[in-house]
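Across the two complexes that follow, chain A remains constant while its partner is chain B and subsequently chain C.
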Partner chain A sequence: GGVPMTKLAQWLWGLALLGSTWAALTTGALGLELPSSCREVLWPLPAYLLVSAGCYALGTVGYRVATFHDCEDAARELQSQIQEARADLARRGLR
Partner chain B sequence: ATGTDQVVGLGLVVVSLIIFTYYTAWVILLPFIDSQHVIHKYFLPRAYAVTIPLAVGLLLLLFVGMFIT
Partner chain C sequence: ASEEASASPRRSRRESEGRARGQDKYSVLLPTYNERENLPLIVWLLVKSFSESGINYEIIIIDDGSPDGTRDIAEQLEKIYGSDKILLRPREKKLGLGTAYIHGMKHATGNYIIIMDADLSHHPKFIPEFIRKQKEGNFDIVSGTRYKGNGGVYGWDLKRKIISRGANFITQILLRPGASDLTGSFRLYRKEVLQKLIEKCVSKGYVFQMEMIVRARQLNYTIGEVPISFVDRVYGESKLGGNEIVSFLKGLLTLFATT
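Showing the complex of A and B:
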């Protein structure tokens, strides 16, 4: 039997398939007569997918920052423990 | 999340939605709208739909590259 494909290999394979389909359609290598409005949508598609992926990434980051569950009690406790430790070390003559 | 975290997060979500909507209209919808329609006034020539993201991408790469050298 064969070795299962890694995720990277799957992504590259998918990209290669999509890319060659797009190239074939845009250059007219398949000899298809597409309506001009379809061709107009087709040629910027790679850029469109990249920009959309970027927007999705940015939006996801923003959403997760806004909805992050802070633990305010734990944060306060940690800060006071830091102060304690600092005071303790200062007492022992260490900075 | 509190305070500035929520504001910044929400801001990012809104910005990404605005960019996505405008860009989708520019690339996907405009070719199907009659060229005499007034909406075309709000969009640059479509060649910029590729060159502007390309330039921005290059700038981002340069910016990240600054931290490598």
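Showing the complex of A and C:
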């Protein structure tokens, strides 16, 4: 098969597709006349989507930061194992 | 979430040295630089985990000419645990991580390679879980993740957590990598898979670890995940400055534009 598209290329393609669809529908090119109520919603849609995406990003990252697991037990266990290790290694001749 | 069809070849080349026919052996690569304090501890923990689980192993210490006496400590450990278990393969000066892996793998007699940090942030107790997971799904790679299941971190302040989650979010959106923790460096690889990936990777630092996973997906290797706990720097300082963030973003955008 051929070389797969880079992620950048996929994004550009996707944006170009959605962008041209939106432009065609809102400007009435291609002879497509939508009722004006539809056009009124469609016109600001990209801005709304951008804001929504921003809110989703902030919300998701915020949630993940808040639920980021703090491994207290792991730290405690490690500290006690360090003590054990040092004693054992000293017994075995580590200087 | 990766497909079952694996492109990895059956083990056609067998190293007979140190490994009985059909038996698995796990080589741990430990690149070190100024790890005088941590090295004996991490080796002790590795020996403990492997011995308790009855796993055939070797530990390859790749020291880059550490000025703090790491090499001396490594030699003592070799005497204590035996030169069949502790392999010293040092280098003259500080070279990159990728070349350390290549150098280490030349001397590895295992058919699986485990890479991890030598600073006690990665705990060897997870290695038997990696091995279990690998067998369960016949994965080419098993990656430790801090972001899923009961994975997590200790010792990070709010700022660090925000940067970490934020960077991971952007990475997931841009690269859709199929693995939750891309900058993590606690992983188990089939030896031939790691060799193949290192050939193809060109980045440095955090981005190197990311690139490995991205290339692995491109080559249709399967990736399994195991939640791990990451205990940040017990000794020494954690480093995440503005420079690191900038080079991370540059690397991320490069991967975005080229893969």
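In the analysis below, the second predicted complex is superposed on the first by the 71 of 95 C-alpha atoms of A that agree within 3 Å, B and C clash if a C-alpha of one lies under 4 Å from a C-alpha of the other, contacts with A are read in each partner's own complex, and residues count from 1 in each chain.
The rule we apply is simple: a contact is a pair of C-beta atoms (placed from the backbone, for glycine too) under 8 Å apart; a residue touches a chain by one contact, two chains touch by 3 or more.
On a predicted model such as this, the values are computed, not experimentally measured, just so you know.
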In the superposed arrangement, which partner chain does A:64 touch: chain B (first), chain C (second), both, or neither?
-> both
After lining up the shared chain so the two structures overlap, which partner does A:3 touch, if you call chain B first and chain C second: first, second, both or neither?
-> neither
Return first, second, both or neither, reflecting whether A:93 touches chain B, chain C, both chains, or no partner chain.
-> second
Report for A:82: first if it touches chain B alone, second if chain C alone, otherwise both or neither.
-> second
Of the partners chain B and chain C, which touch A:74 in the superposed model: first, second, both, neither?
-> second
Of the partners chain B and chain C, which touch A:30 in the superposed model: first, second, both, neither?
-> neither
So which bits of chain A does chain B touch that chain C touches too?
-> 61, 64-65, 68-70, 72
In the complex, the residues of chain A that touch chain C are 4, 6-8, 57, 60-61, 64-65, 68-72, 74-75, 78-79, 81-82, 85-86, 88-89, 92-95
Mind listing the chain B positions that touch chain A in their complex?
-> 1-2, 5-6, 8-13, 15-17, 19-20, 23-24, 27-28, 31-32, 46, 49-50, 53-54, 57
Quick one: which bits of chain A touch chain B in the complex? Just the residue numbers, please.
-> 36-38, 40-41, 44-45, 47-48, 50-52, 55-56, 58-59, 61-70, 72
In the complex of these two chains, what residues of chain C are touching chain A?
-> 40-41, 44-45, 73, 76-77, 79-80, 120, 123, 147, 150-156, 158, 161-162, 164-166, 169, 174-176, 218, 229-231, 234, 255-259
